[in-house]
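As structure tokens, the structure follows; a few thoughts come after it.
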Amino acid sequence: MADKPWDGRFSEPTDKAVERFTSSIDIDKRLYQHDINGSIAHCRMLGKCGILTSDEADAIVEGLEKVGEEIEQGKLEFTDRLEDIHMHVEDRLSVHVGDLARKLHTGRSRNDQIALDTRLYLREETVKIINALLELRRVIVSFAEKHSDVILPGYTHMQRAQPVLLAHHFMAYYEMFARDTQRFREALERIDVMPLGAAALAGTTYPIDQAYAAELLGFSKISDNSMDAVSDRDFIMEFLSAASICMIHFSRISEELVIWSSSEFRFIEIADAFATGSSIMPQKKNPDIPELVRGKSGRVIGDLVSLFTLMKSLPLAYNRDMQEDKPPLMDAVETVKSCIDIYCRMLPHIRVNRNVMADAAQRGYLNATDLADYLVGRGMPFREAHGCAGRAVTYALGKNSELHELTLDELKSFSSLIENDIYLTLSSKALIDRRRSYGGTAYENVSSQIEKAKRQIAQEMER
Amino acid sequence: MADKPWDGRFSEPTDKAVERFTSSIDIDKRLYQHDINGSIAHCRMLGKCGILTSDEADAIVEGLEKVGEEIEQGKLEFTDRLEDIHMHVEDRLSVHVGDLARKLHTGRSRNDQIALDTRLYLREETVKIINALLELRRVIVSFAEKHSDVILPGYTHMQRAQPVLLAHHFMAYYEMFARDTQRFREALERIDVMPLGAAALAGTTYPIDQAYAAELLGFSKISDNSMDAVSDRDFIMEFLSAASICMIHFSRISEELVIWSSSEFRFIEIADAFATGSSIMPQKKNPDIPELVRGKSGRVIGDLVSLFTLMKSLPLAYNRDMQEDKPPLMDAVETVKSCIDIYCRMLPHIRVNRNVMADAAQRGYLNATDLADYLVGRGMPFREAHGCAGRAVTYALGKNSELHELTLDELKSFSSLIENDIYLTLSSKALIDRRRSYGGTAYENVSSQIEKAKRQIAQEMER
Amino acid sequence: MADKPWDGRFSEPTDKAVERFTSSIDIDKRLYQHDINGSIAHCRMLGKCGILTSDEADAIVEGLEKVGEEIEQGKLEFTDRLEDIHMHVEDRLSVHVGDLARKLHTGRSRNDQIALDTRLYLREETVKIINALLELRRVIVSFAEKHSDVILPGYTHMQRAQPVLLAHHFMAYYEMFARDTQRFREALERIDVMPLGAAALAGTTYPIDQAYAAELLGFSKISDNSMDAVSDRDFIMEFLSAASICMIHFSRISEELVIWSSSEFRFIEIADAFATGSSIMPQKKNPDIPELVRGKSGRVIGDLVSLFTLMKSLPLAYNRDMQEDKPPLMDAVETVKSCIDIYCRMLPHIRVNRNVMADAAQRGYLNATDLADYLVGRGMPFREAHGCAGRAVTYALGKNSELHELTLDELKSFSSLIENDIYLTLSSKALIDRRRSYGGTAYENVSSQIEKAKRQIAQEMER
Amino acid sequence: MADKPWDGRFSEPTDKAVERFTSSIDIDKRLYQHDINGSIAHCRMLGKCGILTSDEADAIVEGLEKVGEEIEQGKLEFTDRLEDIHMHVEDRLSVHVGDLARKLHTGRSRNDQIALDTRLYLREETVKIINALLELRRVIVSFAEKHSDVILPGYTHMQRAQPVLLAHHFMAYYEMFARDTQRFREALERIDVMPLGAAALAGTTYPIDQAYAAELLGFSKISDNSMDAVSDRDFIMEFLSAASICMIHFSRISEELVIWSSSEFRFIEIADAFATGSSIMPQKKNPDIPELVRGKSGRVIGDLVSLFTLMKSLPLAYNRDMQEDKPPLMDAVETVKSCIDIYCRMLPHIRVNRNVMADAAQRGYLNATDLADYLVGRGMPFREAHGCAGRAVTYALGKNSELHELTLDELKSFSSLIENDIYLTLSSKALIDRRRSYGGTAYENVSSQIEKAKRQIAQEMER
């Protein structure tokens, strides 16, 4: 089948440069299995409805399966002349079943076909990403549990603020990735809609049975409007939005791992097998993985912007511009999957320098808030107590001491309300254990959050 | 209260230019009611827990209500010196209740307070947007119903493809805005989470009762992790993603209305009251509203990109960068609301030129597919029928006729399978009525989609 | 050379998944020729400075040339184990020259090497793009000249406004692409800076001669600051900005060609060889090329956003994130080049329906402004004349006539200042020929702009 | 003048909601002075050409000046009814000069008028930004000079790499801001083009003298094509691109200042007057300014994306969408100016902890490269020397020593080529002073770069 599918109306052959420019086969060949699966379902449905005889249907299905194997085995050569994956499959099908191949396209158009392929592809990939995120959350919970008694400074403005549990810190990322999972799940509902039957844009005149095709392909819903079915790319924009937010989370945790790997922080060390060195500086061990992941956040956000720009101002229904939806989509899918995967592998290989963290949490007046709270507990108004603690900090700074290193007399000089029990109050452990508000960093709270997370993961895995 | 809340530790006063640069009052003053409501709930909760006496709590609540009225009445002057809305409210409160004002901040920080205010604000606005979208969908359905028998060409590649019902075309937008509603609803679940109790980042040592505060403020959920509570801006990114997708839909419908208003299309006319003229060209009537709405899509997408860039690589927990989250958020909220509102007003004032549309649907060989299908129905393989119809089009083009204007002999010259019943087959109405696949443009299908939409709207309005 | 370049300090081998994740060879292998050219120049310079003996230098250069040929001929297998193009080249070089290969890296680092390769690549591509834009401008001028007497309506708000020459309309795009050329030229100045000698970040201790290397590689400037040299990616952001603006221009002209190809406009027809058909609708001829080009604008803008997000908040000097600069850069380079090329090919194959355009320019009251101006010329204040012409339009609309179809009596009813010469005033040609302000659409003006453009192109080609 | 400028053709009054939605006065009122200046020049030109009498011209100019003063003094009330700044000015003018006001608009349209106003505004602001950047560069150079002997670790991958001079590090930012200046200068050339005379889109029929108007307004160039003149927004996109790149630089330096302010780095302290505290944690001193500046980078990049999305696919010539160009433009202008200003103020108030920096540069094996180079200098091939130094680092790590703390015997165990002079080689100062390649960090190099920068600034200030 050497001719274009539209040759009848045209008097000139397509220019070679145009074939090259308009061809999408380099990209959409990755969809071959989805294209073939979609065609098999379409064909079976045509058979069931009597639009094809059951012999015809069987022959085509068998032919399509052969084509699938051939592509799998790398036996099919791709060419710009055949423009896209649909034409390649049909062309090859005609080698196996002859002119019968031409009947497969009955009752559909490439407009609903490409929407179908993309949705099948993205449904599969979204499920993979959801599962990968579940695994990542499991890895984070396990990391948190393993380090359940490690204390480090919590930061605001990159300044030491109050001591927190490392487990608490990591569980904040658990929350983020749990929200990501939820967003991908919700996006999945809107991905999981079958466009088949919309044909070019207005529906088809053939007495097809979309419910049957949907059942074969495992779709929960059929598109309610044929023009929407072929022109809608919301499901891609929404997926890319969820992916972008997820990558923002990766950029944040990566930033922290990079900073924590510095000589100045020395909070963690990433195992040799997960770091790389320098071609010129022998002493270097670089946190390349978090750096690369952080950089890849730009890629996915760029992909989202591509889609928005692409779709902006497109009239109904299908426009050829939409062919450009797949490169950014596929790039984002691969990027997100690879980042989740590498984090799942790397996190267990992070060595935590618990003493460095604990020391850091002891220095820098992280107990100043609690000195103020102590005074409030003894009846001083909050803002006044805050000022009083501030002055104590200034004094201690001048002596290069910490608050808990001042004598009781020194402390009393800031307020006579201070008594000897102040020293118990000011230790990191005490500071942490007192923060028992829901969601707070107290040991018990964090460990019950970890238990809750484990139940959540178990439940979600059963879905 | 002339001093900064942190004066104790500082030896130099803040530079005036720094006050100006770091002040957010210009923006966050819009949150004053949410800030006061949040403080009232916090205060009542402190009273319930015995952290404040009930007299203290009552006095503060009364004072806060007074401050609210004063701001409402424009009696409060805003100044960069007091930095943000929180300090303005507390400062003014101290005029009413004296030093007691200083106790309000017990057990919280500006970090959880601003997260609370923003969530209260966005929850309210998201609900408004959901309701506005419901109204827009109602207006679209009503427009579709009013024009239930209007036929126009459906386009692909801006080329006339197949005739469709105008109602069908508009119902495609109904689908888009219905998905938008759904996305905003799902975003709302993640907006509706109370951060209060996280304090600066690690939780608070006071025996607070977050469930009670959540109940007073109507929150369904309390944040599970205090560090996440103060550093999470997912709910903004997600809202802006939903808003951006919604604006893409507006850009598409606007593009169509602009093109349809051209002299070449003349499909519609926008009422004088909803159009504007030219200062120099007396004949002009411009579709300014769709043009402006189309342009505003850029604004919201820009707002989303702002947030992504802002959040990229921020370590935990709170960082001052986050202050910059509100200008893009508020800009997007206002833009989306105004676009929905103006469309609800304008759509009923669009006059449809049904004859122009119907004529257009008759010219341009929109029945060529059906000629092919007719031949398939008589046993010709699809691809062959497609080529045959293509040749008929080329022939008709040469004569400057339409297919249905050719004689039976002329038609037969392309295939002897063609009989006299072909003319019935080729009318716009017949073309439409034959497209009965689910979601197709057939009269009955479209009218049952309209009924379904009305039921959906009614159900959603009851929520 | 099976080992990593940093093996000394590491006790564990790199994890395979890490090798895969961190490898950039899939992307940077495209830079092989630039990498080899850079290494040859570096090596010759080392030889000149006595850091290598001249025999050593000759042997390495010869070896590098062999490696270049081997890659050219597809004889080198790429592997994630060797991470990037630099290691592949050096590894292969050691096959030809043994341990001597290890001396090539003296006085440089992969940090300045990759900056060098990227600049060599982008310099070459930017020059190609500048030349391609020159060709495109030539094609536009030639199109304008060929259609120098074709009149069409000029539009504002997609409403017919005033008649203009098609040549004038296209020369507006000439202006845009001329500005693009200029922007790429200016970007080129900042691309054309040699980073070699910066080594890892601080410069090198070897007595190298950067001026000599720059001369060999044709650079006009050497980087003034070694830390900037390895961490600067401005030249990429700037290139992508210029590319994005250029693609906006393509999206605009493409939008017009798509609209003009519609049945409603019928202003142009794109030759069969440059259009494609539909797999289902035999009558369709789709303007795929402008559609695809319009869609590709999203791609390049997405690439720019990727880079901005990537670079945001990166501390000095080199960070591994930067490896992610190349996929968006290369994507944009290829996209821009292919769009320019296909437009150069397609434009001459656009058939202009001059009569359709001319008719359109006669209908829709495009002469209303000139009726107003006529009245101003007879002493009426402008705003009053505008109102008067507006009323005449309303009257003519009611009669379904044009202004020039009204009788003199009818016209006089709007102002007694109107005389018989009004009819000469109101023809399209007269309207056009009267717009003689500089840059206006009058015949003579447009033709002198065409001449000016031809001189400009000739001059720029000589550079 | 209560009527709309286009009332003649319209039979219905504009809906109030439409007036509100389409009004731009809230934004473009900021352009009042540019609008009036543009009108004065236009009016003088009309007078010179005899289109207005000289008495008329004088009266209008005087009237316009009065309107300018009235707005300056806040005497004019702005109203959505009068839509934009042009109508407000003309309406007010008619109070002063009566019907004569209606003649001012002769030979122009709001399309070229708003292009003119925007260009006048942006030209002025771009010049301000260029001058502000010059000042910032001066401040950076002065900071570098003041700290000319301060040594700190240079980082790659946030790992200590090699010691560099703090002056060298800051001069890297000098280079970035110098490139920014250059980009704004080049953008300025394309901003500085007068669109007046293009009228609505096709030029004007009046015998105007654009060269005279350009001279009065100080424009270097007049637009060559009237359609381009009214539809071009390249100059805004280009300005925003330059602004975005500039903000990326600010995000990078801000990131460093934030990290350097942490307790772990303690490299710098920002003066109290340029920092803020915490409402809850008394010990905190937060680097708010760099944080906010870093966050504001998102804003400007978002503004750029807004413009790209806005302009994508807009046909020629003017479209109402373009009204949305001003909010992002003005937001970016104000943001960039405020960031430059606050950095100029803050930088001199940064206290450098030189000892902390120097100590850091001594620890972490920053001299490992030089140990390798030392071995190369004694004849060992580079890659082998790199491995040898790597093993020495591993050994020293095990002993918790630095390389320069090992005994000669220990060192010799890695290579017998090592002699006693190694200790001189390994000091920070020696490391720095040996990096004399052009652009390297050696003392002399940096100080000559500082001198070069001072000459550059002086020259640029004279322009």
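What to note about this one:
Note that the chains take the letters A, B, C and D in the order they are written out, and that residue 1 is the start of every chain.
The definition used in the following text is that a contact is a pair of C-beta atoms (placed from the backbone, for glycine too) under 8 Å apart; a residue touches a chain by one contact, two chains touch by 3 or more.
On a predicted model such as this, the values are computed, not experimentally measured, just so you know.
When the interfaces B-C and A-C are ranked by C-beta pairs in contact, the top one is A-C.
With centres defined as mean CA coordinates, chain B is found 23 Å away from chain A. Our note on geometry: chain A versus chain C, Cα centroid distance of 32 Å, whole angstroms. Contacts with at least two other chains are made by residues 5-11, 105, 111, 155-158, 161-162, 199-200, 255, 259, 277-288, 291, 294, 297-298, 301, 305, 308-309, 311-313, 319-320, 369, 386-387, 389-390, 393 of chain B. Chain contacts in this assembly form a complete graph, since each chain touches every other chain.
The touching residues of chain B, counted against chain D in their complex, run 4-15, 17-18, 21-22, 86, 105, 108-111, 199-200, 255, 271-274, 276-289, 291-292, 294-299, 301-311, 313, 319-324, 327-328, 331, 338, 341-342, 345-346.
Contact residues of chain B toward chain C in the complex are 153, 155-162, 258-259, 261-265, 277-288, 291, 305, 308-309, 312-313, 360, 363-366, 368-369, 371-372, 386-387, 389-390, 392-393.
For chain C in complex with chain D, the touching residues are 1, 5-11, 99-100, 102-103, 105-107, 111, 154-158, 161-164, 168-169, 171-172, 174-176, 179, 182-183, 186, 190, 197-208, 210-211, 222-232, 234, 237-238, 241-242, 244-245, 248, 251-252, 254-256, 259, 294, 297-298, 301, 305, 308, 311-320, 369-370, 373, 376, 381-384, 386-391, 393-394, 432, 434-442, 445, 449, 452.
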